[in-house]
Amino acid sequence: MDTFTAPELMTINAARMLRDGDVVFVGVGLPNLACNLARRTHAPNLVMIYESGVIGAQPARLPLSIGDPSLVSGALSVCSMYDIFAFYLQRGLISVGFMGGAQIDRFGNVNATVIGDYHKPKVRLPGSGGAMEIAAWADRWFIITPHQKRRFPEKVDFCTSAGFLSGRSQRTQSGVRGGGPQAVVTDLGILEPDETGELVLTQLHPGATAEQAQQNTGWALRTAPQLKNTDPPTVEELALLRDLDPQRIYLSSAG
Amino acid sequence: MAKLTSLREAVTSLIRDGDCVYAAGFTHLIPFAAGHEIIRQQRRNLILARATPDLIYDQMIAGGCARKVIFSYAGNPGVGLLKAMRAAIEAGRLEWEEYSHFSMISRLTAGAAGLPFLPMNPTAAEDLAKVNPNFKRLTDPYSGREVITVPALNPDVAIVHVQRADADGNCQLWGILGEQREAAFAADRVLITAEEIVDAAVIRSDPNRTLIPGFIVDAVCHVPHCAHPSYSQGYYDRDNTFYLEWDKISSDPERLKAWLDEWVYGLDDREAYWQKLGPETHRRLQVEPRWSEPVNYGKH
Amino acid sequence: MAKLTSLREAVTSLIRDGDCVYAAGFTHLIPFAAGHEIIRQQRRNLILARATPDLIYDQMIAGGCARKVIFSYAGNPGVGLLKAMRAAIEAGRLEWEEYSHFSMISRLTAGAAGLPFLPMNPTAAEDLAKVNPNFKRLTDPYSGREVITVPALNPDVAIVHVQRADADGNCQLWGILGEQREAAFAADRVLITAEEIVDAAVIRSDPNRTLIPGFIVDAVCHVPHCAHPSYSQGYYDRDNTFYLEWDKISSDPERLKAWLDEWVYGLDDREAYWQKLGPETHRRLQVEPRWSEPVNYGKH
Amino acid sequence: MDTFTAPELMTINAARMLRDGDVVFVGVGLPNLACNLARRTHAPNLVMIYESGVIGAQPARLPLSIGDPSLVSGALSVCSMYDIFAFYLQRGLISVGFMGGAQIDRFGNVNATVIGDYHKPKVRLPGSGGAMEIAAWADRWFIITPHQKRRFPEKVDFCTSAGFLSGRSQRTQSGVRGGGPQAVVTDLGILEPDETGELVLTQLHPGATAEQAQQNTGWALRTAPQLKNTDPPTVEELALLRDLDPQRIYLSSAG
């Protein structure tokens, strides 16, 4: 087994969760790398769609923003912003979304808007962008994030994207089409919602412990009855992944 | 004012203090030169609407042009936050009204379509609606279920940068299309900047590519490199270095003021700006051509 | 079924008795060959939705395929009425549901956008709403004024003819676009016929021209001349002579039956149909090329 | 003065009603000819938009349907059907529409749907197409039609397109944006709405009489206090018009 960075570990575990044929609404950074890795391993028919309206990109370089022109040259299709949100996302064609955010809470709700009070914020974040609708309408979605206590509060300060609200039944009652968060991939392991919608620790990465995960989570983190260990990154996965980001813009330890 | 005119003249004629302005372009074709001209002409109390304020509105806010911003993602794409905008909000100098991308673009699309509102499916994330009363609810008359609505946005002026236009303002653009077309149709007045002014025969060779018809356009300005530090697909690349640099410039009020003095107030127009960037930047942003396969319209 | 397949196989696999079918194309790119294959395969009880039923639905109705028609303009364009459809309605053999063009297309657009309905501004012409309960009213929550609504239309199958597609079903079309794109996104299953199957590199050279992405397509069929007697811009002209001729054929049940026997049941496929039209018709419908000016996407 | 046919007379009079800069939503046939004649005479900046989504056409031949491919080759712009109705017509960009129809009544309402009962029609006509919205949302609209009693009933059997409903105030109250019918150009003269919205005879063509008009109208046709005579077609108008339809497809007496 090779050595690897935390971003590499998270990206490889996220890639494994993607299925062949998935249609993924994807941003830049680790989710983009995870999708490309999945395409080169077990999911050759995965379709990548960028919020900027680009479908089936073949970028000649690693894209640095979702509006990178290298995503457009040689793509299969490009459409307007209204169309990408209405005809693709709202129509229900997206199977997987990736969410970012400063906070994710016990029931998988995500905050990308403000820390503190909305009108007098401690930290003003960029806001929703596409996140409000992706979380609602993609069939399922994932988060890749370092495991830090401030990122995992009991309850988000502002609900930019609905997870299970205050429990799975509440999301179901709201009538939104998508299935909500499926997993949070961190540098320690993987959290998944249980039958109540609460995020519980289901998998640990090699060398990490449940205690570490608990210490870095802002609520009483439960551990799944069958806690599993994730398979370490393979040599092939690492090689393919590093080939996607040769300058280690996203994959370095600080990434 | 003739339709084909200078950007200076177009801004003088079409943009008034207090206007609601929509400078279009999702990461691509952002009309920075027009933003700089508005700063130079010292427009005040503008309502600046854009899904992604991006650096163009951060600069206009720093230039003192804005009373309010309407947006859905206030980040420096791929870099971080918009610091001039955030500072103005925190100092109480700037009002704001916030959406998600889809609700923002639905507002503009409703405006373009002449509708009073558009519906959206519910998202179950209700905190934004709690702080923005423009989100309302309606009952779908067919299923009895709830939908969300947002009201039409009809800006006073849209500013749209395109790759090529003819002298009458018939505009063709390609690459990421963002909300360019919706902004033009939604607005009362339309200011076009173009990388190239072409003969009408070029436009007429491919009518499906014409997303904005000339008869809704008030001014057409020939402004090469208008979009730097964003980009024009096929013409020049995105200047990521400047996007990173802006993070530092905008963190420091002194440096920000100096930048505006040097790069906006101190220059006459975009041509001077482009020359000042210098040959090394020109080379760095240069793009080799990659042409589309033509299609056959036929001599019917 | 492989995605690239014969039209016969695609109709067999994708179109079932009782389906709601939307064969798209406003005057242009009407998929006549698919209509004929459906007649040959004797599909029954179809709900045929199209803004303009045109000759394609007149023929399918004459062929006994339809239980109901949903439409907004039931004319033979530039000629007169659709006589087979009218005869079926008058004989009580065909249900119908009627819209204006905009309300029909709003239904399809709502379906494509995943919305339960779309609003429209009022038209003050209320007789159609009196006979079609799908027209409803809502109060605009912003102005308090009334809007009209129509419900989403989500056909079981869309049939869309395009000028070029790759083997994965990524489709490019130009000229009059009608409701092709909306039909494909609104439907549960998508059957594409194409004048040409091209290499993906052609599609990728001009991504803005791709209106239908392959991943929503179920079958791609290479069917040159699929649209005759309508046309494919740049490929062959509209056969006005046949549109005039149909007025006479469809006036006389005997002649209509003979026409179906000769031109639909009596032929294997579109290639046989095209050969039967003969060299003089081929010459008459031939079009000299007129190419679009390419655009530069750049090697970014 | 040259001799001329009824379609020529009507088309020339319709052309005169168009203003420079008008944006006209136009079909084939006489309205198309009227617009082209106006462009070649007093309205060079008139913009023609076809329901099929074509703007600024330069057809190499006389178009025989609004979907004629010759309208597309060399046009300024082509858009989808939803866009032409939403972004152009509903948005309020159309200054002039032309309406056809089997019946037009006293208050300018038009029927293009059925003669007789809707469910058991005497004659089933093609239906609205774009007519319902054009009549509502264009700033103003016109009809060109032969003056025949069956075409001018007191009240239409089915209101496909709203004129003034049962009087001008009723249209105003309905809140539709457009100004409604401005004139009906027939082979005998011109009817225009008075202050109540009722169509009255305001102009007579050379040689026609008010009695003829009355005999061919299905209601008690009032005559305007200042009944005018239309100027006969000029030699130039006739020459330009005939040049537009050299085969006399639309301009022959039977047209």
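Just so it is clear, A, B, C and D label the chains in written order, and each chain counts residues from 1 on its own.
The criterion applied here is as follows: a contact is a pair of C-beta atoms (placed from the backbone, for glycine too) under 8 Å apart; a residue touches a chain by one contact, two chains touch by 3 or more.
Nothing here was measured: the structure is a model prediction, and the numbers come from that model.
Set against the Cα centre of chain C, the chain with the most distant centre is A. Per-chain CA centroids place chain A at a distance of 40 Å from chain C. Once the centre of each chain is set as its mean CA position, chain A and chain B turn out to be 29 Å apart. In whole angstrom, the spacing between the mean C-alpha positions of chain B and chain C is 37. Annotation for chain B: residues touching 2 or more other chains are 114-115, 120-121, 145, 174-175, 177, 205, 208, 231, 233, 237, 287, 290, 297-300.
Contacts with at least two other chains are made by residues 54, 68-69, 72-74, 78, 86, 89-90, 137 of chain A.
Per the contact rule defined earlier, chains pair up in contact as A-B, A-C, B-C, B-D, C-D. Residue ranges on chain A touching chain B, taken from their complex, read 28, 51-54, 64-69, 72-74, 78-82, 85-86, 89-90, 109, 113, 118-119, 124-133, 135-137, 158-162, 165, 171, 174-177. Taken together, the chain B residues at the contact with chain D in this complex read 112-115, 170, 185, 200, 203-205, 207-208, 210-211, 213-216, 297-300.
Remark: chain C residues 26-28, 51-52, 71-75, 77-78, 81-82, 86, 89-90, 98-103, 105-106, 108-109, 120-128, 131, 145-146, 174-182, 230-231, 233, 237-238, 240, 287, 290 touch chain D in the complex.
Interface of chain B with chain C (complex): residues 114-121, 136-138, 140-143, 145, 147, 149, 151, 163, 172, 174-175, 177, 202, 205-206, 208-209, 231, 233-235, 237, 287-300.
By the touch criterion stated above, chain A contacts chain C in their complex at residues 23, 47, 54-56, 58, 60, 68-70, 72-78, 86-87, 89-93, 137.
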